[in-house]
Structures are given as C-alpha cells and as structure tokens.
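Next up: some structures, all given as structure tokens.
In what follows, chain A forms one complex with chain B and a second complex with chain C.
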Partner chain A sequence: MKVLIEPKPQNMINTILLMFVIHSMQVGVGIQGFQRIIYMEAKQDAWISVILSGIAAALVGFIMVKTLHSYKNSDLYGIQYDVFGKWLGNLLNILFVCYFLAAFHMVARNYIEVIQAWIFPEVPSWLFFFSLLSLVYYGLNGGLRTIVGVSFFSVVLALWLILLMAFPFQFANWDYLLPVFEASIPEILMGAKQMTFTVVGFEIIYVLYPFLKEKDQVHKYMQFGLGFTTILYLAIMVISIAYFSGDQLERTIWGTLSLFKIVRFPFIERFEYVAISFWMLLILPNLMLYLWAATRGLSRIFNKKEQKVSWKLLVFLFLTLLYPLNRIQINMLDDYFAKGALFLIFGYPFLLFIAVVMKKKFFSKKGGSANVPKNK
Partner chain B sequence: MSPKINKLFLVLLVVLLSGCADSRTLERMGLITTRGYDLTEDKQILVTMVLLQIDPEAKEQTIALSATADTSKGARSKADLKSPKKLQSGQLRVALFSEEVVRAGLINLTDTLSRDPAISDLIYLGVVEGSVHELLTQKTEGISDTSQFIYKELEQNIKGEKIPSSTMQEVMHDFYAPGVDPVMPTLKGGNGEITITGMALIKEDKMVGKINTQEAFYLKLINDRFEAGSIELSIDKSEFDIPDSEETPEKLTVVIDTITSYGDIDLINKNNLQFELKVKLKTRLLEINQAYDLKSPAKLEKLETKLCEKITSDLEALIEKARQTGADPFGFGEIYRKSVRGSNLTSAKWHKMYPESKVNVKVDLEILRTGVVE
Partner chain C sequence: MFFKKQQSLAPDRIKKETTDDKELIPVSKDEFISIMKQRLQDGADFKTKELANGFTLVFLDTLTDKKMLNKDILARLGGISATPDEALKSITVSSTSKQKYIEDGVDAILKGAVLVHSAGYPVIISAVVATQENRSLTKPETESQVMGPQIAFNESLATNISLLRRFLTNANLCNESFTVGKQTNSAVALLYLKDIADEEMVDRMRERIQGIEIDSVMDSSNLSQLIEDNSMGIFPQMLLTERPDRACSWLLNGKLVVLVDGSVQVIGAPQSFMEFFESMEDQNVRWQIATFLRLLRMFSMVVSVFFTPIYVAALTFHYEIIPQTLLVPLGESRSRVPFPPIIEALLLETMIELLREAAARLPTKVGQTMGIVGGIVVGTAAVDAGFTSNILIIIINVSALSSFTSPNYMMGNVIRILRFPLIILAGFWGFYGLMFGFCFLLIHLIRQSSLGSPFLAPFYPPRFADWRDSIIRLPIGWTNYRPAQTRPLDRKKYRARKTKQ
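Moving on to the complex of A and B:
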C-alpha cells in the first residue's frame, strides 16, 4: 500500500466544506434521543456533560489533525500502515473499516426504527433499508464530491429546523435547571461518556484529509464544525430539561422528536411527521461518508478499485440489517457500539499520535525514510 | 452500471416504493375528535368516541361510538366493528374522563394516549362530572357538534387565561415531576349547556378534590405570569363610608381586570418548610356596584388595601383547601427541590412533607386605571 496519496485535482474539495462535513457527520441519529441517557446520569446538570463532551471532541479533533499534519498527504490507513508495519497496521486498518461499517449499521437501524415507531409501523424494514441503501449507492457512485455536496445541503437545508425549537419554549420552566452542580463530578463525567454515540462522526477527517485542498486551514474548519455541533446539542439539552420534567424525560426515548410534537401550524398540525421524514436528509451524509470511509479502507488495503468494493459492502450491510432486532436489543447494540467508539475515537487517537511522533523522531535520527518525507 | 440503467433504476424505485405504505384516504377514515372514558360497574372501561363525518349529505356532523373493554385500545378495536370507516386518532382534540375514572387513577389511560405517536401532545384533558358517555351523546339544541364545542370552550377559556392550561404535555409533565401535581378542568353537561365548573385537584394520578372557577383563577395567579383575566371580588363595606340604604347591596363588589400579574414562591426556611408567596398584580377597575368616590387617591388606596386583604385571605384559603386534600398544584415541591441541594425529592416523599408546609402570602395590588371616566 502506498502511504501517501495523490488525489486528482478534480477530486479535491475546498477545506471550508469540511465544516459542513464534520457537523453533518456528528448530527445523525444520536441527536434524536440523546437527552435521556445523559439525564439518567447527570440529572439537571446534563448540560454540563454536553459541554464536557464538546471539549473532549475538540481536543481529540486537534490531536487527529496534528497526527495527519505530520504526513504530507496521507490518511489513517496509510499512517497506521507506516507506523505499525504491514501486519499490525493492516489489522488496525481492518478494525477501523469494521468500525465504519458498524457505525453505518447503527445509523441505518436506528433511523428506520424511528420511522417504524412513529410513522409506518407496518411497512417491513427491508423495504426501508433497500430504499435508503439505494440512495447511498447513488451518492457513492458520484464519488466524494457528490457526497460532500450532500452533506453541505443536509446542513444548510436543515438549519430552519432549529427555529422550531421556539415552540417548546412556551412550555419551558427554567426552574428545572436548578440547582446547578447538584450532580457529583463522576456523574457528570459519566453523562459526558454517554454522549459518545452522539458526538462521534468527526473521525471522518482521518480518511477525508488527503482530499482537502488547503491543508493549513483544516484545523480551523474542523473546530468550527465541532463547535457548532456542541452549541446545537447544548441548546437542545437545555430546552429539553426545561420542557420535560425529570421522570418524563427519562421515559421519552426520542426527546428531540418529542419536542417537535408540539409544533403546530395552521397548515401542518403534526409537525413531527415532517421532521422525521426530513431527518433522512440528516442521515444520508452519515451513511454515505461511513460507507465511503470503509470502502476507501478496503480498497487501500487490498488494492482494489473503490467501485468494485462499495456495492459488495452495501449488499453485506443490507444482509446484516435484515436481522431483526427489537428495541431492547437495539439499545444494547447502541451501548456496545458506544463503548467501542469511546475507545477507538476518544482514546486511540492519542496513542496513534504518540506513535507517530516517536516514529518521526526515530527516523529523523537515522536521516529519514522514504515513507516519511515531510519534516515539520 | 451505465448512467442510463442507473436512471431507469431510480425511476423504477419511485414507482415501486410509492405503493408500499398504507394509503389513508380521507373519505375512508373515521377521524376521532373526542374520546371519553367511563368506568362500568364491573370495572371495565367504557370508551366513547366522537367521529367527525366527512360527508356533506350526512344529517349529523358527528357520530358517537362506544365500546366496553378492559383497556382503551381494546375498546377502540371493538368500536372498529361498529364503524364503517377506519378509526384514526390523529385528529384527537380532547380526552375526557369521568370523575369516577380519575378518582380511581388516571395514569394508565393517559399513558396510552402519550405512547401513541399519532396523538398530539397538545390535546386537552378534562374531567366530567357524571357520565362522559351521556355528555358526548346528548343532543343539545344549538350545539351541532358537541366535541368541537367542548374543544373550543376549553381552548377559549385557556387562551383567555380564565383557567390553567391542561394539555396532555402539561398533565404528564406535572405527573412525572416530583414536586407538583396536575390539574384538569371539570366540565358539566345538562340544561342544554356544557359548563366548566372548576378544576379537579389531583394527587399523583388520583383526583382528590375540586376547586371552583374563582379558585382556579387564583391558582393561575400563583403559577403563571399572565396578562388578561378578570375577577369579581366582594368585600365588606362597613369600613368604607358608603351611605347605607335599603337599595344598595350588602357587600361592595368590584370587578378588576389584571393587566399583568406575577407570582413568585420562595423557600424561606427549609427545615420548617416555610414558603413565601408573593403575588404582584397590576389591574384596572372594570365595575363597582356602589357609588364610591374613585377620584380621591386616599379612597382608592383604601380600596386597594381592602382588595389586597381579600385576595390574600382567598389565596390562603385556597392553599389550605388544597393542602387538606394532599394535592400540590402550586408546585411548592418544585421550589423545595430547586432550593435544597441534594434533596432527591420524589413524589411520594413530597406528599409526605407537604401537609407540614406553611405558606406566607403577600399580595401587592395596584389599580392603574379606573376606565375612561372617573
């Protein structure tokens, strides 16, 4: 495998778009119901947990970009191959491919569950998966630029949904935010840990990096994207705590969607139906980018053409999605995935960064190697 | 795949997938607008549903269906057997419960309502004195659609700030909150009218008492900041130097309209559970039933103090009345929860503490205007 990548100029994307990619990757299915799992840990201080998780994401984002900056133009797969060697490196690469596929699986499954619970209880899952995956295939066929375009529009077209949060305001009772800091520090940290499933997504930078045009601005736009997501989550969390009462929030599986339940216009009385359908636009970039990242991984490891890998992966994912799961099992799966993600996204990047730094030192002493050309 | 086949594939998808979900043609749907719950003698639930008729030739705008079963959804599927149209609850506006049902416990029924994604969180809940079935099936002249009538009546009075709001979101919210109990308006039918008679006091999920509309106004005064709403107050006139005569009424009665009001509860002593309730009212005088000199500032001030005293004693009486029943619709418990760190307040815990609590009431009333004439 070649460590360095030289994408064709027509495949490159403007770095400013990274902001949208990061934000759209983070916002997906987690946001629909993250309130209650955080609330269970930290009670009315859950919003502090949200801020902490935002800070953690910013820190990890910084480390990720730092790691990528150490190479001229490489991605996670190349770096791991270079740092850990052929066998261990590729093993880790496969692990990340599995992670991306699992993330795809979780996003698709959670979203379809929402559709079935709220709108179409009788329509079979395979039909939803099939139509959703067809759209993903369409995006993948268009290549990275199409996918990034989809993320851009998913953010821009969904911005107006935030305005609808004004409706729950009329029922909000700010007393529910008090007393502040009643939860102990471990409880707040546990709450922040529970945010994992909701904040992950920004790891896409690991794969996307070589395709960004202006490398020196990567970090700036990465932090913009992360910051915007944190502010959004914080706002939703605060409104949810004020709108629901304690036990009520713990019983509400999809808090954000329930917030939409009281939006009422003269022409659309039940707005949550629009919101849930519209959510597909928020889900699509998640699915496309996760699959694209997994495809990149496999095609890099085995030196295959991306188009030949992607549809096989899609068929494989479709088959895994057919396996029926109920709410409790999905919840369990979400938990397992969150645990894995906590390690892979919030722990491992630090290890990788240290390894990269050490390798750089080691090789600069020896006078450099073919694979590590850029000395900063 | 070549682009051409790709496009064909997409067109095919659109055609194939559009037929898959259940189509819901309006004419074939029975839209439930009101649901009522009664208890039968053998502890089953009698559910009455009022359907909107979408048929210009129909004589009646609505039809009422009823069925008895152990659960509300069971009753609905039984009612389906009586209906030519598929029953849908997406347009549900009001859910009514008979007093008997609410006294036995309400939460299982409201829980099914909130569990169903088709039902809006903004439906109004209400308690009916007597049988809901009779109220919904009664034929009243002048009311063509009972269910719409009830909905509009509740909406008008809630929006007009006469009674506290009781949407499902608010009732469920207060039920699950540890330190506040929900309230629901009580309705009564008969004599060709449907009247809101007051509010039901609910402890946890069981109705324990009733307050009248005047007290409901005070309840609203304590809980919400609100703008409109007028109230009639009668005070003893002996302290005012109003000439006594045979014709004038015994009591001095004034109607005041609140322009703004503001209620604030503070916990002043957490060991003795002492609360302080401050109510600030800015009002205008609408009517006074006797000749009284409103020009003189001293006299106006005296009227203000007397009204203050009256409202204070009324508020104290209301709080005492609620405390006797054990229901806390004012949310004193929430004030306790927010002021005491690490209280771990639960509903059961609060209901044990609540009877011990004391409340000091302070009212500040100001008459800003007395109309366009003096």
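Moving on to the complex of A and C:
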C-alpha cells in the first residue's frame, strides 16, 4: 500500500467545502433526539455538556488535522500503515473500516426507525433501505465531488429548518433553565460523554484530507464546521430545555422532531412530517461519506478498484440492515456504537498523534523524516 | 466498415489521408462528361454545356443561379483560348478554385459550383454560382421578448455567421468549420473568441464534433444531443438559442457557439443549470426587475415540479398536515371523486399534456379553439362529472402555467415530464417518495457536467463572485467579471468604475 496519495485533479475539492462536509457529517440522526439522554444525566445543565462536547470535538479535530499535517498527502490508512507496520497497521485500518460500516448501519437504521415510528408504520423496512441505498449507490458512482456536493446542498438546503425553531421559542419557559450549575461535574461530564453519538462524524477528515486542495486552510474550515455544529446543538438544547418540562423531556425520544410538531402555517401544520421526510437529505451525506470512507479503506488495503468494492459493501450492508431489531435493541446498539466511537474518535487520535510524533523523532535520528516517507 | 472514420474528419485531413484513392480528372472531354454523369447517377438536373473553343461546363441545374452562370461565366469564356489558367482569369466569380480529382469536383458541384473542363488538361476550374434560397430574417418566435433586438437566426449558416459577426465586430472571433454526417455532409461551424475562451474546452468541443459517426445531422438540437456530456441525463447540457444577441453574449463570456447549416438555433456550451432561467431580456431591464424575474422563474419551476406531487402525497397519506380550515373545502370538493388522489392527478395531468401537445401541432387559429374546448371540458365538465376536484384543477393549472415561464423551451419540456414520476412516487410513498425523487434529482444534477465543467455552478462548487449574475442580477457595473464556469483566459470584462461615467 502506498502511504502517500496523489489524487487526480478532477477529484480534488476546495477546502472551503470541508466546512460543509464536517457539519453535514455531524448532523445526522443523533440530532433528532439527543436532548433526552443528555438531560437524564445533567438535567437543566445539559447545555453545558453540549458545550463541553463541542470543545472536545474541536480539540480532537485539531489533533486529527495536526496528525495529517505531519504527512505530505496521506490519509488515516496510509499513516497507520506507515506508523504501525503492515500487520498492526492494516488491522487498525480494518477496525476503522468496520467502524465506518457500523456508522453507516446505525445512521440508516435509526433514520428508517424514525420514518416507521412517525410516518409509515406498516411499510416494510427493506423497501426503505433499498431506496436509500440505491440513492447512495447513485451518488457514490459520481465520485467524491458528487458526494461532497450532496453534503454541501444538504447543509444549504436545510438552513431554513433552523428558522422553524422560532415557533417553540415563543412558548419557551426560561425558568426551566434555572438553577444553573445544579448538576455536579461528573454528571455534566457524563452528559458530554452521551453526546458522542451525536457529535461524531468529523473523523471523515482522516480519509478526506488528501483530496483537499488548500492544505493550509484545513484547520480553519475544520473548526468552522465543528463550531457551527456546536452552536446549532447548543441552540436546540437550550430551546428544548426551555420548551419541554423536565419530565416531558425525559419521555421524549425524538426531542428535535417533537419541536417541529407545533410549527404551524396557514396552509400547513404538523410540520414534523415534512421535517422527517426532509431529513433524508441530511442523512444522505452521512451514508455516502461513511460508505466512501469504508470503500477507500478496503480498496487501499487490498489494492482493489473502488467501484468494485462499493457495491459489494452496499449489498453486505443491505443484508445486515434486513435483520429486524426493535426499539430497545436499536438503543442498545446505539450505546455500543457510542462506546466504540468514544474510544476510536475521542481517545485513539491522541495515541496516533503521539505515535506519529515519536516516529518522526525516531526517523530524524537516523537522518530520515516522517514528512517524506518512502512509497512502499 | 460501415462507418468510415474519415467521413467525419475535417476536410484538410481528408485530403491528406485519401489522396491515393482519388481518381484523376481525365484529359478527354467525353470521358470527363461520362464519368461525372455516372458519379451523379445521371440525374435529371445534370447539365453539360460545350463551348466552341474547347471548354465544357458541367453543373447541376437546380443548384446554380442562371443569371450568374450566363453573365459571369458563359459570357466571359467565349473568346479566349481553352486553358484552365485563361478560364480562371476570365471568370468573374469570387470563389473559384482548381481541382485535380473527380471527387473534389463532385463535392464542388453538389455545393452549387460549375465545373469548367478544358480539353487536353487534367485540371478543371470550379466556380461557385449557387442560388441562395433563404427565408428572410424574421422575429424570434420561441424566445420572443419585448425589449432588445428583434432578429432571429435563419436556416443559412452563412447568414447566421454574418449576423454574429455584425453583433461582434472583433478580429479575434475564430470560426472553424467541420463536416458532419456521412450522408448529409452538413456544414458545422465552431465559433469562439480567442484570448477569452479556454483552449482546453475548444479542443474538447473540436474532438467531440470530429468524433461523431452518424449518417445525418438535420438540426443543431440533433447535434447537441450527440456532443453533450451525458446523453442519458434528463437535463440538456447545452443551451440552444435563436437570438444572435444571446449567442454573442455567450461568446463574450467565453463560451463556444456551434452552428449547423440548415438550423435556426445555435448551440452554446458550457452551460450551467441556472442559465435555463435566464433570458436575454434580463440584461435589458433594470436590475431589480431582472432579479425579481429570475427568482420568479426559479420559484415557478419548483412549484411546477412539486405542487401536484405534494397534493397527492398530502391527500393520500398525510391528512394531518393540512389545517382544519383547509381540510374542509378539500374534503368537500373531493367527496364526489371516486378515484384516489394519484389516479385523479395523473388523469388530469395527462389531459393537460394532451391539450398542450394538440395545441402545439395545430395551426394557430384552430389552436385557440382547442384552448377553449379544453378549458371547458377539463375545467367544468370534469368537475361536474365528479372526475376531479376543483382544487386539483387549480393546482394542475398553476403548475402547467409555471412550466411555461421557463425562457428555455427544452427546460419547459423537462419540467413537463418530471412531474409524472414524482406524482407516482408521491402516490406510493407520500413525502418519503417525494423526497426520494428530490434527492435523486439533486444527485443527478450534481453529477452532470457541461463540456467538462460543473452543471450546478455557481452553487456547487460555490463561486460566490459569480452569484452576481446568476440567480440574481446585480447592476451592470458590478457584473464585470466573466463567470468562472467557462474558465475564461481573461476574467475581467471591464473596470467597474469606468462604466459609471
């Protein structure tokens, strides 16, 4: 496997788009109902947990880009291969591929669960999965630029949804936010930990990095994307706490969607039907980029063409999605996934960074440098 | 060997590659006449004229101008000695040439030339005296507008190029000519402004035109389907126009313009999705009005495509989203309708399409009657008979009306057919199906390219500087840069400040 990547110029994307990719990757199914799990830990101080999780994401994002910067043009797979050697490196690569596939699985399953719970309880799920996956395949076939384009439009075309938050805003009872700092620090930290599933997604930078045009601006746009997400989450969290009463919030599985319920225009009401359907556009970039990342991983490890890998993965994912799960099982799966993600996304990048720095030092003693590793 | 590669190559290349196969002009007069006769299948309009001093004139009666033939050729050839050089000197026609091969002679004669054969020489003179059977220039019909020049292209390639040259008096205007079509040998011209148009794009366009292997090209719309990036796509990726001023503004923005002989519309590329909603008139009205009109057209496209499917989806699955005050009249008007909303909508959409197609095929006078009949039948009788609801008729009519606002006829067609799959999706899966269709269209649009440049520019990839003249139009002083989509060699049109004086 080659450590360094030389993408074709027609696959390169402007770094400014990274902002949209990061934001669209973070906003997915987690945002639909993150309020409840955070609230159960930190009560009315849940918004502090959201800020903490945002800071943690910014820190990890910084470390990730720092790690990638120490190579000229490589991705996670190349770096792990270079740092940990063939066997351990590829083992970790496969682990990350599995993580991306699992993330894909979770996003698709959670979304279809919402669809079935709110709109179509009787339509068989394979129909939904099939339609969703066929869209993913069509987008994936268009190459990276198409995928990034979908994530760009998913952010831009969904901005109006934020304005609808003005409706619950009218009915907010700000006393619900008081007293501040009632929760203990461990409780707030536990709340922040529960945000993992909602916050992850920015790890895509590990795979996307070689395709960005202006490398010196990666830090800036990475932080812009993360910051925008944090602000959005914070706003939704604050509105939710102020709008729902405590007991109500603990019983509301999909808090954000419930907020849409009271949106009302002269010609349309019960807006959550529109919002949930529209959510497909927010889900698509998640699915596409996760699958793309997994495909890149496998095709780099086994030296196969991406097109040959992607449809096999899609068929595999489709089959796994067919396995029926109920709400409790999905919740359990979410928890397992969040635990894995917590380690892989919020812990491991520091290890990798240290390893890369160590290797750099080790090599510089011998006269070489990790900046220009040999192509293997 | 059904399609010979050479047929579609540029004329100069043909000469180089096939010189060996060509037949030389015979020296003897009788032999020349018989060969030409045989080559032109002994056509009824094939005429020969033998002069006393040894010249033989060969031409097609139907393609030549009698007046010119008599005055500029026959009258001049009378008293001179019968050599090609003498003939060349005497003939007073501007386009003359010497030909050595039979094939070249046949080509020339098919383009309206007279071949002058001098006995004893293996060289003939061809002089073009073709008739110009042309429609006079008329007003643009499919792209008519209140303000701006009222002139449209006609079927003659030469006239069209002359129109463009008159609008654009510029020595840098390049004109390359090609021959496309194995049977028709249609003349195709590629125009662009040197120093502005991107060389790579010109090369790409040239390659595509030369690479076509087809027997006939009857119209530019025909050619555009052959040279566009993705012929499987729903949206046309190259624009057509019949307005010389529009073609000129394309050229000035660094686009390439392709003209086909015998067609009233010229092709422009590369093109972005937004240009479907731009009209030449936007440049002629004030910027606030132009911006409003462009936004209106964009909005009407969305309405036209999604209005009926939303109705179908809401009434089939999502009654909850309709407020009570609206639900009562809706239910009232639908109470007598025996069909589910999807059948109802498809029925009415089909009727509208029938009306539209019939009106397009009929002469104008009958067309008006059609409109009245259609309006009464569809509007009143269908509701009275309990076939459809009043509200659906309003919705369908609004969306039909909106689809006419697109300044581009091809886009109007696309909008027209896009509704049907979306109605079906909405009827099957409600809003989910509608969103599926929307996402598919979005991915489809992102995937398209026009001559290798992104179709959704300037939105994706985002080029904010180009937004000044795309979905909105800012004052002319502000739109002083050419759009990045054409990758112009010279970005700047003019200095912003100077336009204000």
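Structure notes:
Criterion: the second predicted complex is superposed on the first by the 368 of 376 C-alpha atoms of A that agree within 3 Å, B and C clash if a C-alpha of one lies under 4 Å from a C-alpha of the other, contacts with A are read in each partner's own complex, and residues count from 1 in each chain.
We adopt the following convention: a residue touches a chain if its C-beta (ideal position, glycine included) is under 8 Å from a C-beta of that chain, and two chains touch if they have at least 3 such contacts.
Given the structure is predicted, the values throughout are model-derived calculations rather than measurements.
Within the superposed three-chain model, A:F318 lies out of touch with both chain B and chain C [touch as defined at top]. By the touch criterion defined above, A:T146 reaches chain C but does not reach chain B.
In the superposition on chain A, A:E122 makes contact with chain B only, while chain C stays out of contact range. When the shared chain is aligned, chain B and chain C each come close enough to touch A:R270.
In the superposition on chain A, contact of A:Y138 is made with both chain B and chain C.
When the two complexes are overlaid on their common chain A, residue A:L284 makes contact with chain C while staying clear of chain B. In the superposed pair of complexes, A:L17 makes contact with chain C only, with no contact to chain B. Contact with neither chain B nor chain C is seen for A:F224 once the two complexes are overlaid on the shared chain.
Using the contact criterion defined above for the overlaid structures, shared-chain residue A:Y348 touches neither chain B nor chain C, since it reaches no partner.
Shared interface residues of chain A, touching chain B in one complex and chain C in the other, are 119-120, 123, 131, 138, 264, 269-270.
Those residues of chain B lying in contact with chain A across their complex are 1, 6, 9-10, 13, 17, 20-22, 90-91, 117, 120-122, 169-170, 172-178, 334-335, 338-342.
For chain C in complex with chain A, the touching residues are 317-318, 320-323, 325-326, 429-432, 434-436, 438-440, 442-444, 446-447, 454, 456, 459-462. The residues of chain A lying in touch with chain B in their complex are 117-120, 122-123, 127, 131, 134, 138, 141, 171, 175-176, 178-179, 182, 244-248, 251, 258, 261-262, 264, 269-270, 272. By the touch criterion given at the top, residues 13-14, 16-17, 115, 119-120, 123, 128, 131, 135, 138-139, 142, 145-146, 149-150, 152-153, 156, 264, 266-271, 273-274, 276-278, 280-281, 284 of chain A touch chain C in their complex.
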